[in-house]
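One structure coming up, written as C-alpha cells, with questions to follow.
Labels for the chains are A, B, C, D, E and F, by order of writing; each one numbers its residues from 1.
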C-alpha cells in the first residue's frame, strides 16, 4: 500500500496509575492518543507509510503531542495549528467488576473548532491509497463534521479507499445534532466500515435489531441492508467483545464482504492491562489485512482480532506490536512464553 | 438516617507496592485506615452523615490522619488528643498462592491508652441514630475495651441502634484477657452483629460448630442461639468468603433476622487489587442497607455483598464508591464496561 | 548440609515496570540476578550456608552486585575481580498473550572472559558438601566452559555432590561450539540434573523424543538413558510447565531416582508477577529437599514445585520466601489468606 | 476574626516533576489550587474559619477538587455546581536561569461561565467578617467579573472588610475587556489591596510610574493616589520580589496604611522548591496579621513576608505551615535546623 | 585496627520525598539507620571490620533491618532478638528556611526494652580494639542505659578504646531521668568524646559556658575541665556547624588532645541532600582517622570534616563513600567535577 | 543553513535519580544520548535540518534509540544496522562537593565495531552544508576512527564545513592508540574546533601550555599555533568552565577566528540539574550561531554560552530549549521569572 492518511483528534490522556480512583491520584500518567491517530500508529508499526492530519494548539502541550507523533513514526507534516487547547481525556482504569471510566474534557479543543477549508486536501491526499476517519470527529462539533466531510469528498473523488470506524460515544454529540442527522451523508462514501450492526443502523437512522452474531444465517441479511444504504461499501466488520469483567475480555470478530460472512475464533484476553485503543488496534489490523492479504478476508479478519487481543496487554492508547508479533499470534503462539 | 457515630482506631497503613515483599521495599505507600473508620467512609460516600470518634497523638502523624478524615468527609469534631503515637500496620500485598501479610505495630497507641471517661458520650451521641463499634477495640487494650463499653452503654440508654463487627484478630488480644472474658458484656447491647457464627460463639464462650452456610435448614438454629445470648439482637449477618487465591475471591453473604435466612448470590472477585477493608465495606453496606432499604433485608444484604466486591478493586482501606456505583452492580452491571 | 557452592554469572537486570514495552520505558528497574546465584539465594533463605563464586568487574556496578549478594546472605569471599563489565539482561515483562522478552547484553562480561585457573577450587570447595552449576556458563564463552569444567572436576575429586540445571538458552551459544560439543564431558560428573528429557538428550547429542510426562510407564526408559550416559547420575528431575498465558502457568514436576518415577501435583499459578528465576527456585528447592528430606524424594520434589510456584508471585530473580512459607504451601495452604 | 469568605476559581494543577520540561513528562503531578483558595488554606492553617465559594463541574474531577478542599479544612458548603469543566493549569517548574512556565487551560471552566445571581451572597456572607477576591476572577470572563462584583457589593453593604489581591496575569483578560474597563468599579469597595503600585495604577487606568520601593519618601505620595481613587481603602501592600534566578529569590514587603510606610527586612529564599502560590501565602499572612495583630501593621507585614518565604519551600500551591512555624521564623529562626 | 564494635539502636526511617510535608506524603521512603549503626557503615566503607550489636524484634521489619546491615557489610552475628517492635523515626526533609523535622516513634522498641545481661559482652568484645556508643542509648530507656553501661565496663576492663558521641536529643529522655543523672558514670570510661563543650558540660551536670570556638586561647581551658571529670579521656572533638539554612551548611571541626587544639578549615556544603547522619559520618571519620593516621590528629580531624561534608550530599542515614573519595576531598578536590 | 550531518555514537544512558549513589539505585532513568547526537537535537530545536548517522544493533534497545531520534526530530534515514549491542553509560549524579560519576560500558558496541565502507558518504552528504564529528569516535575503536576519517574526507572533498568537538575522555582510548597517533590527520580537515587549547595541543602531539584565558594578549599566539597545524581551520573556540561545586558552575567562552579574540561574559549556573551534554549544547549553539549570525562571531559565541547555561537546568543529555528561549537569555533575561 502506498500511504494511509487519517484525520481526527489527538488528545492528552491523563490516566490514574495502578487502578487508582480519580480522587486518589496524586499524579496522572500523561500520554497522547485518539482513535484515528492510534490507527496510524498500528500501521506505522507494521511498516506502512501512515500520516495523521489534525489541528493542534500553538502551545507546549500541542508541541508535546507533535513530538509523540514523530516518535511513533507517523507523518505529521500537514498538521495545521491554531485554536485554544489540546483536548483532554481523563482515564480511571478499572479492575474486575469495576469498569474503567473516561471523563472527556475535549470541548473547545483546536480540533473541535477546526473549520472547513483549513486543510488543502487535494495536496494532502496526493499519492494516498487509503483515507481513514471515524465517528468521533462528527461527534465533537459541527465544524469538525464539515471539515471531515470535505476530506471524505476529496478522497472519494480521487478514488482512494475510505474506511470509517463508527465509534459511537454517548458522552459526545453535545452540539445539537444527532448521528442520524450527520452520518448518513458522510458514510455514503465509505468502502470499509467497522462497527456493530446496531450502531450502523442507529447512525443511519433505522431501527436497531439486536443481531445475534453467532447466527451466521441472519447476518448477511442484516449487513446487506448497510450495503444498500451505503453505495460504496465493500466491507463491513465488527469487533465482537464479550466482557467477563474489566480484567477479562473475550474477543472475536465478524466480517461481511457483500458475499460471505467470516468469523474469527474468540480469544481469551486476561488480564487486561489497558483496553482503551483496542478497537483502534482492530481497525489498524483490518486496514493492514485488507490491503496486504489481498483476497484473503479471513486472514485479514484474524489479523485484526489478533492485533486487538495483543493491544489489551499494552499500556496506553497504541498497539505497540510489530508485524511479526501479530503474525506469530495469528499463527497460533499465544502461550506467552519467555523469549530468551 | 440521622447520623452514624463509630468509635475505634485509625492507623497509619504502610504498604509495599506492586506485591513487593517487605525486604524489597524502598518505600511504603502511606495511607490511613482502621475498621470502624473505614465503615464511616463507606457511609459518607453513600451520602450518610458519619462521624468518627477516636484518640489521636498530638504530632504531625496524627494531624495527617485528621486531614485524611476530613478529605473523606467524615466528621471528626469529637476526637480527643493525647498519648504517644498513632498505631501502625504494615501490609505486604500478596498475589496468587502467596497471601498478604499484616504486621501490627499498634501497641501503646493513643487509642490503646485511651481511658474510660475521656469522651463525653452523652454529647457526642446526641441526635445520632446508629452507633458502630468492632471487636478490634477490646482487642487492643483493657482500657480501650472499657472506654468502648462506656460508649455502648450510653448509646443503648439513648435507644440508638448498635452494630458490631466481631473482627477477630489473632495477632491482637495480647493484654491478658480473652474475647470471652470481655465480649459477652459488650455484645449484649448489640442490635446488629456481623461475623461468622463460629467467631460469635467463640467470643461468647461457647463451643464452635463449624457451620455449613449452604445448609439453610441448620442455620436458623445456629443463629437463634446468638439471639438468645444477646437480648437486643435483631440482625446477624456474615460475609461468606471463599478464597481461591490471594488474587481470586468469591464473595457471598448470609443474614438472619430472627425469622428468616437470606442468602446473597456468590460473586467472583478477580483480580483482587486490595482486600483489606473489604469486610468493613460489607459492614458499611449493611448499615446503609438496613437503614435505607427498610423491610427489605434481602436488598440490604445484596447491597453489602456488592459493596464488598467493589472494595476488592480499590487500593487502600476505603471503599471509594458512590451509592450509584453499588446500586448499578446490585442491579446487574458487573461486566466492567468502559464508561465513555 | 554443610555448605553449597555455586559457580556462575550474576548480571544486572534491567526490567520495564508495569508491563511496559521497552520503547515505553523511561526507567528500568535495576536488580541483580543469574541462575546459579538465584539458587544460592533460595538456599540461604532456607537457612543453608550458601556461597557464590563468580568474576566481577572492578567498578561501581560490580560493587553494587556485591552488596546485593551480601544483603541476600550469600557468602562472596571467593569472588575474583577483573574484566571489563558486568553482564546485563533487559527484561520486558509480558502479560496475557504477550510473552516476556529477554534481551541479553552479556557478551564480553567479566564472567565470560574468566580463564581456567583463576580460582583456587581446592580451597574454595574445602568443607563444601554440594556444588552447583548450570548450562548457562558453558553457553557464554569457551573459557567460561573451561573454568567451569575445572571446578566440576575438583568437586568430583572431593566427593562433593554435583548438580546441574541444564538451562538451555537459544540466544546464547554464540561462540562457535554447540551444547553437544561441550556438555557431555561436563555433565558426566553430575549427580543431580534438572531439565526436561529432550534438552538433556539434545545436550548429550542424541535425538529428541518428545516425551509424554503423563505417561509414567515410558518415562523410566527415557530417563534411564540419561543414567547410562552419565555414570554418576543419581537424580534426574524436570519442572513441568504448562503455559496458559504469560499471566497463568500450571506447574508440576517429575523426578526419577534410577528406580522410581515421582510426580508432583500440578498447581495453578495466576497471576504471574514475575516468572524469571522460577526454574532456579525449583532447583533451589530440589537441592534443599534432596539434602534435608533424606530418603523422601516425593517430598523433595513437592518442595521444589511449591517453591517454584511461590517464586512466580515475587518480583525479581530471587525466591524471597522462608522455609516455613514453602512448607506451609507444601502442607496445603495455598488459598492466599491474609495473615493478621 | 469570625470567618473569612473567599470567592474565586480552583483549578486542577498538572505539574512536571523534578524540573522536567513538558515534552519530557510521562506523568504530571496532580493537585488543586487557585489564588483565592490558596489564601483560604493559609488561613485555615492558622486556625481561622475560612470558606471558599466557587462553581464546580459535576464530574469526578470536580469531586476530587471538593475532597481536597475538605482535606484542607476549608468550608465548602456554599459551592455551586454546573458547567462543563474544571479549569486546568499546566506548570513546568524551572530552575536557575530557566523560569517556570504556566500554560493556562482554564477557558470555558465552570467558574468562567458562572452567572450573576448563582450564589445567595446574603446568606453566604452572614456572620462573615472578611471577604477576599482577586484580579483573576474578572480576568477570566465577563460573567465571572459580574458575579464577583455582586459579591463585593453585598459584602460592602454588610460592612465586611474586603481585600483584593490585584494578581495581574497577562495570559488572561482574553474576553475583550481590559483591567481598566472592569477593575475601577470593583476595587472601589476594597479596604485592603495587595499588589505593586504600577499594577494598581494600570488597573485603575492611570499611567505607570515605576516606583522605587527603597525610596521611603516618594512612596506615601504614590500610595496616597490609590487612597484617593479607592475611597474605602485602609491598607495598600506590596510583596517585593527580587528574582536572582528561578531558584533564588529575595522577598521583602511594603505596606502603607494611609499614614505611615512599613518595610519588612528582605529575606533570602534559596532554593525555591515551588514559588507558585507564594503571593497567595503573602496575602493569607497579611489577612491574618491585619486581623490578629491589631494596631501592629509592622508585625502584620513581617508575618506576611515570613509566610511568603516559607511557602517557597513547599511543593504545591498551598502554604502548608502552622501559625507557630510562621511565628518562629518571624521571631528570628530561619537557620533551618533539624527539629529532633 | 582490629575490629570496631558499636552498640545502639537501628530504626526504620520513614522519610518524605522531594521536600514534601508529612501531610502531603502518599508514600514514605523506607530505609534503616541509627547513630551508632551509621558509624559502623562509615567504617565498613573505609575497609574496617565493623560490628553492630543491638536487639531486634522477630518480625519481618526486624528481618529487613538485618538484611540492610548485611548489605552494608557490617557484622551482625551478635544481635539478640525479642521485644515488640523496631523503633521508627519519621523524617520530613526541609529546604531553605524550613528545617527538617523528625518525629520519633521509638518508645517500646526492642532496643528500648533490652535488659542488662542480654548480651555476652565478654565474648562479643573478644578481639575488638574499639567500642563505640552514644548518648542516644541512655536517652531511650533506663534499661537500655544499664545495658550500655554494662558493655562499657567490659570494654574498659579489656582495655579497648571507648568512644562516645554525646548526641543530645531533647525529644528523648522521657523516662524520668536527666542526662546528668546517668551520663557521668557512663562517660567516665570514655577515651574519645564527640560533642560540643556545652553539651558535655550539661551532661556532666556543670553550667554551660557558651564557648567561642574561634577563640583558640580559651578552648584548652574549657576542654581541660572535661579531661578532669573524665579520667580516661584522650580526645575531645566537636563538629562545628554553621547553619545558613536547611540547604546550606558550613562545616568545621575542633579537636583537643589534652595538649593542643586542632581546627579544620570550614567548608561550604550546599545544597544539602540529606543532613541526617552527618554527625555520625564525622564520628566514623574521626574513629578512622584516630586509629589509622596515628600521631596525626590534624589529619584525623580533617578526615572527619571531609567525611561529614560528603555525607550531606547523600540520601539516607549512611555515608556511602569510599576511603578514596574522602581522601580525594581531604587532598583538595571539592570542585565536583564529572569523572569520565 | 541547508542541512547538518553528524556522525557518532548514541548510547543508552542509565542514571540514578535524585542524586542516589549507584549502590542505592533500585531503578535507573533510561534515556538515550551521545555527544554528536546531542548536537543534532540542539540544532533541530533551533529549526535546523539535522541528520544523525550511526550504527545500531538490530534489537529492541536499538529500536528504542531510533524512536528517540525521531521524537527529537533528527533525521535517521541513513543509519546502518548490525553489531552486538548499544553502548551504555551509567551516570551517578553528584551534588555539591561530590562530583558526578560516569561508568562507561560502551566497548563492543555496534558503533565501536563499525567498519570503513559501511556508509555511502557520497550519498549521505549530498546537499549537506555542515558535517560534525567529535574526538569520542576515534577514542572508542580503531575501526570507528577509520570510518570517521572516511566521512571527513568526503565532506572535505564536497566543500562542506567541518566541525569537531575535541571531547577528550580519559576513560576511553583503550585500544592501543593515543590521540596524537590518530587525531592530527583527522583534524587537519576541520574548519571549526571546539576544545580548550591544551586538549588541542595534546591531541596534536605538542606540549601543553596551561593557558590563561583571561589574558587576551597571549591567547592569539596560542590559538595561531592551531591554525598553523590545521590548514583549514577558521574558528577555534573553548567553553570556559569554572566548577565551584557539582551544583554550581560558572560558564564563559572564548573564540578566535584567526584575527580576533572574542570573550563571552561569565554566567552563574546554580543549581545544576544535569551538566552532562552541556558541552554539546555549547557546540550546537556555536554551529547555529556561526551559520546563522554571519559575520557576528561575538553573538555566535554568546549564543553558545547561553545555550550551554540553559542546558544545565534540563535533565537528560539534550538541550531541550527553543531558539526563542536561548535568544531571550542572550538578550538579558536570566532572572527565571514565571511566565503566566
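Methods note: contacts are C-beta pairs under 8 Å (C-beta built on N, C-alpha and C of every residue); 3 or more make two chains touch, one makes a residue touch a chain.
Since the structure is predicted, the reported quantities are computational estimates derived from the model, not experimental observations.
Looking at chain A and chain C, the chains in contact with each of them are B, F.
Averaging C-alpha coordinates per chain places the centre of chain B 45 Å away from that of chain E.
A separation of 63 Å divides the Cα centre of chain C from that of chain D. In chain B, the residues that touch at least two other chains are 17-18, 23, 26, 67, 101, 271. Here the chains touching each other pair up as A-B, A-C, A-D, A-F, B-C, B-D, B-E, C-E, C-F, D-E, D-F, E-F. Residues 18-21, 23-24, 94-102, 104, 169-171, 243-248, 271, 275-276 of chain C are the ones that touch chain A when the two sit in their complex.
Put simply, chain C touches chain B in their complex at residues 17-18, 267-273, 309-310, 312-316, 320-321, 325, 329, 334-340. Chain D contributes residues 67-68, 70-73 to its touches with chain B in the complex. Residues 14, 17, 22-23, 25-31, 59-61, 63-64, 67, 84-85, 88, 90, 92, 101, 103, 105, 107-108 of chain D touch chain A in their complex.
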